[in-house]
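Heads up, the next two complexes both have subunit A, just with different partners, subunit B and then subunit C.
Take a look at the complex of A and B:
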């Protein structure tokens, strides 16, 4: 197992000039030994490029990859000692489940008794012990993908295990059970696991640290709570959460914050740059407050959606629309009703040029 | 346009694809067909469109039976899961094609107006292959919407898009439907999508129409366990229970005080929606102690999977919460917030809702 350090950039074009020419903009970051990481972002954000650079399938066009301080930039996946699990199961149909799981160990000439022990351990974790002697051919797609996962995890001497959207083929009802397995296994085996996905549930559930990417750039590395409470970039606020964070253009003037022509008091002790900023507030943290409450705007209800488990309220003021997620037992409201919503409060984040400033 | 299906059924070989059903979708509004794959949503839509004939029953459009009338003579627009565009036509001409076929007037203005609404007006002179998946699906939607057909059928139109795009497009579609005159039928497998679309919902399962009504009403008052199962995400927590003197005794021993409408006796199933389970406790709560199997974090919510004496449960907590695997958790709920189903699976009691009493 290894600590992985990246100090690199990658462009698929020969002579990159502007930012959009890069698949990965220059970045410097480290994946700690034994950590569970997810690379999360929409398609085209560079997450698969980063994974392929770590595995050695792709050489970065500039910079280096280090494993425990050693430069491995020009090494193959095999030399780097990387295990990989892909979207679709890669399984030898003619072999039994046990033989499939043992395959990576046999290749490395691991002694037979150690193989049996390790295969037994992995099968137990994946709840496949009773299927060890079955042929892989007749198994369901998710059982096959479990074997692929097991094969990725079976070697204890790997530098890291890389997963590329491994739950794509899994039936939605079974997904949470496999997520749970992966989390348990990380707990028990303490391998360095890196997981690529565009699914926020998968990333936030699996990883201790989520690397959020957009347009070739890493915009935040943090825990699920960090990404929810304190998105460092407006993209993170927008991408995490459904619906995402509300953003309101505002201007800081002295001790006040101007929002849509209304001056709200700056919270005590809050240091904000003068000029144009954006307020970010999550729909989950907006509740109707008493008229004239500090930090609140007098808004008008424009849409009320009973979404079953809660009520989604849209409200407008001075050309702004914001969404508030209210408990399902909130007082009923209808379109046109006045409502005061506290946009400057304990959970409000402040952004300048899309980067958090407070 | 008023569409009424009377006694519709569909058999293919020996298999019943659709059991006999009647449904009259709300005119000029959205009706959601909600059900898992194979529930019969697409079969029903194809009959509504005139692509297939029912084995029995009538399809009435404004009082006239249109079974047998070819699709081209019906004024219907359809959108599928896969984005279908003409690759050799620019976006502008893709959207305009149904209007050109019908030699309609004011084509340019109508294309422009709709493209603006769907935020693709800047791509009108590009080819579909130069657009992202989300933009291509917008073009396909625009082509279906531009006709202003009185009947629009959308078969899981957002399923192949990533969830942020789905959110945006769903909002835009909801606004377009609300401002239009078309009768819209929208098929989805996702309960959350049905709730966001609002309107009316028809819950389908294995070729049967289980319940039809205003979306929120069907969600809050499912007629049966089958409807409750189909219309819950995460699944409704279901616990076997038996009647006691003044309430119900849940599997595992916990008793809850609850007024049942009549003394029915026997066995029941108690349903507790995931968002009704809390970590914090309020007066009069019942409590189920459990062990955490996994806490799934979606961003807006944390879904705690736990096993308890009453069985496996899922609790939906707002925001981000951490639980170690195997840690203990107490889940609380108020007895007034449960559903009760009888031994036949029919609803006996639904939670009282604010503003209803």
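Take a look at the complex of A and C:
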């Protein structure tokens, strides 16, 4: 097990000039020993590149990778003692399930009785004990991916276990089970786990710390609550949550905030830069308030969707559309109704140039 | 009427009639003429006698045929033993992509594009001990090499010629098999700490199984029917040292005009190839797919 420090940049092109030439822009970050991390971002944001650089399948075009302070930039995955699980199941067709699980240990000349013990333990965790002597080639995709996961977890002395969207091929209902299993295994084995995904639910339930990435950049590292309450970048606000955060263009003038021609009072004690900013407010924190309440805008309901557990409300005001998520027992509303929504409140975040300012 | 049974329409047979006619003309009728010859003694175009299974009995007891059959089996097995591993080795060492891959692919496939009798002629000249590059070089090294006089040398030369001609086919098939393995397998094996040998044994070889099976069958069938190249190179000699089955058959049918025994032998020849392919195919299907008992882990 090891603390992993990255101080690097990577481009697949030989001579990167613009920011968009980089798969990973220059970054500096650390993964603590024994943590459960998720790398979250849309396709093409550089998360798999970062994972492959950590595992050693790819070497960064600039900078270094350190494990516990030692430079491992030029080491192979074997030398780094990394385990990695891929998006699509990889099993050795000619071997049984047990032989598959034992393969990483056998290659490292672990004594036979230890292998048997460890394979038994992992098979137990993955609920595959009764399939140990079956040939891996004839199993379902789910079972094959469980074997891949098992091979990743079977070595107890690894520096870290890296998962590259490992549950893509798994059935939705098994997904829940396996994700819980992984979380449980993390507690039992105390391994450093790093998990790449584009699914926010997967990332938020699995990891203690979520690393949100976009366009080769890490925009925020934080717990699920941090990402929800205080997105540091508009991308995080927009990407996390369903639907994402509402953003309203606004202008700070003296002690007031101008939103779509209406002047709202600045919250007490907030220091905001003069000029153009954006207000960010989660749909979950938008509730109808009494007319003329502080920080509220008079809006018109444009769409109402009752999805059972809650009501999704879209409302417009002066060319702005915002979404609110109301409890299902709230007063019924229909299209065209006036509604006052409080956009400046305790949970409102303020952004300048997409970065949070308050 | 029972409503659960499917409707029966005998007219459907008409749909397969064209195929039946084609196959009849391309395979069944010619084969039947051979069957026809095999049970008759044709003395002259007007006089023929039905002899039953006599030709079959005679041909089965033919010492010369036994010798040719053993020669043929030895040759085909040697071909497989040399060409399959060599082809795999070649496939493994070929570059995976880029212009080098294209160049190597063209070079490797060159020998496959040469007509059989030209191959025979090339080697006939190449191996001549007076002017041939290989023959003269061996002479120069002090080896009394002569593919026309020495049975062993003739054998080695025919085998070498076949290896030169056909190993590229095995290599190309193996190469196609290798290219179809996703990168993730190599990455996973590297992370699992597998040695190069283990990667070959547990990843590459199992993934190449399908194409290698085709390679083995093709090479077996082709080498079992080999005719032109040894005919041009050695003419079956010295003595009968390189007379393989099809040349033996030609001698009988065309040389001596023994149509009856030749026809009987043709059928047996055909059955031998069919049987061998059946055995090989089933054996290779089982290897690597059988359930391992116990498992040692």
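We adopt the following convention: the second predicted complex is superposed on the first by the 358 of 358 C-alpha atoms of A that agree within 3 Å, B and C clash if a C-alpha of one lies under 4 Å from a C-alpha of the other, contacts with A are read in each partner's own complex, and residues count from 1 in each chain.
Everything that follows uses one rule, which is that contacts are C-beta pairs under 8 Å (C-beta built on N, C-alpha and C of every residue); 3 or more make two chains touch, one makes a residue touch a chain.
As the structure is a prediction and not an experimental result, all values here were calculated from the model.
Participant: With subunit A superposed, do subunit B and subunit C clash or fit?
Facilitator: fit
Participant: Could you say whether A:148 touches subunit B, subunit C, both of them, or neither, answering first, second, both or neither?
Facilitator: Only subunit C is touched by A:148; subunit B is not.
Participant: Does the superposition put A:82 against subunit B (first), subunit C (second), both, or neither?
Facilitator: In the superposed model, A:82 contacts subunit C only, not subunit B.
Participant: Between subunit B and subunit C, whom does A:284 touch in the aligned arrangement: first, second, both, or neither?
Facilitator: first
Participant: In the superposed arrangement, does A:135 touch subunit B (first), subunit C (second), both or neither?
Facilitator: Only subunit C is touched by A:135; subunit B is not.
Participant: Quick check for you: in the superposed arrangement, does A:104 touch first (subunit B), second (subunit C), both or neither?
Facilitator: Touch partner of A:104: subunit C, not subunit B.
Participant: Taking CA centres, what is the subunit B/subunit A/subunit C angle in steps of 10 degrees?
Facilitator: 80
Participant: Which partner does A:240 contact after superposing on A: first (subunit B), second (subunit C), both, neither?
Facilitator: first
Participant: Under the stated touch criterion, which partner chain does A:306 make contact with: subunit B (first), subunit C (second), both, or neither?
Facilitator: In the superposed model, A:306 contacts subunit B only, not subunit C.
Participant: Please indicate which partner A:198 is in contact with in the superposed arrangement: first for subunit B, second for subunit C, both, or neither.
Facilitator: So A:198 only meets subunit B here.
Participant: Can you report the least C-alpha distance between subunit B and subunit C in the superposed arrangement, rounded to whole Å?
Facilitator: Subunit B and subunit C, overlaid via chain A, are at closest 8 Å apart by C-alpha.
Participant: Where on subunit C does subunit A make contact in their complex?
Facilitator: That would be residues 182, 184-185, 187-188, 190-195, 198, 202-203, 206-207, 288-289, 291-297 of subunit C.
Participant: So in the complex, which bits of subunit B are touching subunit A?
Facilitator: Touching subunit A from subunit B are residues 132-133, 162-164, 167, 191-192, 195-196, 198, 215-216, 219-220, 273-275, 293-300, 303, 305, 316, 318-320, 322, 325, 353-355.
Participant: What part of subunit A is in contact with subunit B in the complex they form?
Facilitator: That would be residues 42-44, 176, 179-180, 183-184, 187, 198-201, 204-205, 224-225, 227-229, 238-244, 283-284, 305-310, 312, 325, 328-332 of subunit A.
Participant: Contact residues on subunit A for subunit C in the complex?
Facilitator: Listed in rising order, the residues of subunit A that touch subunit C are 55, 57, 76-78, 82-84, 86-88, 90, 92-96, 98-99, 101-104, 106-108, 115-116, 119, 132-135, 137, 148, 151.
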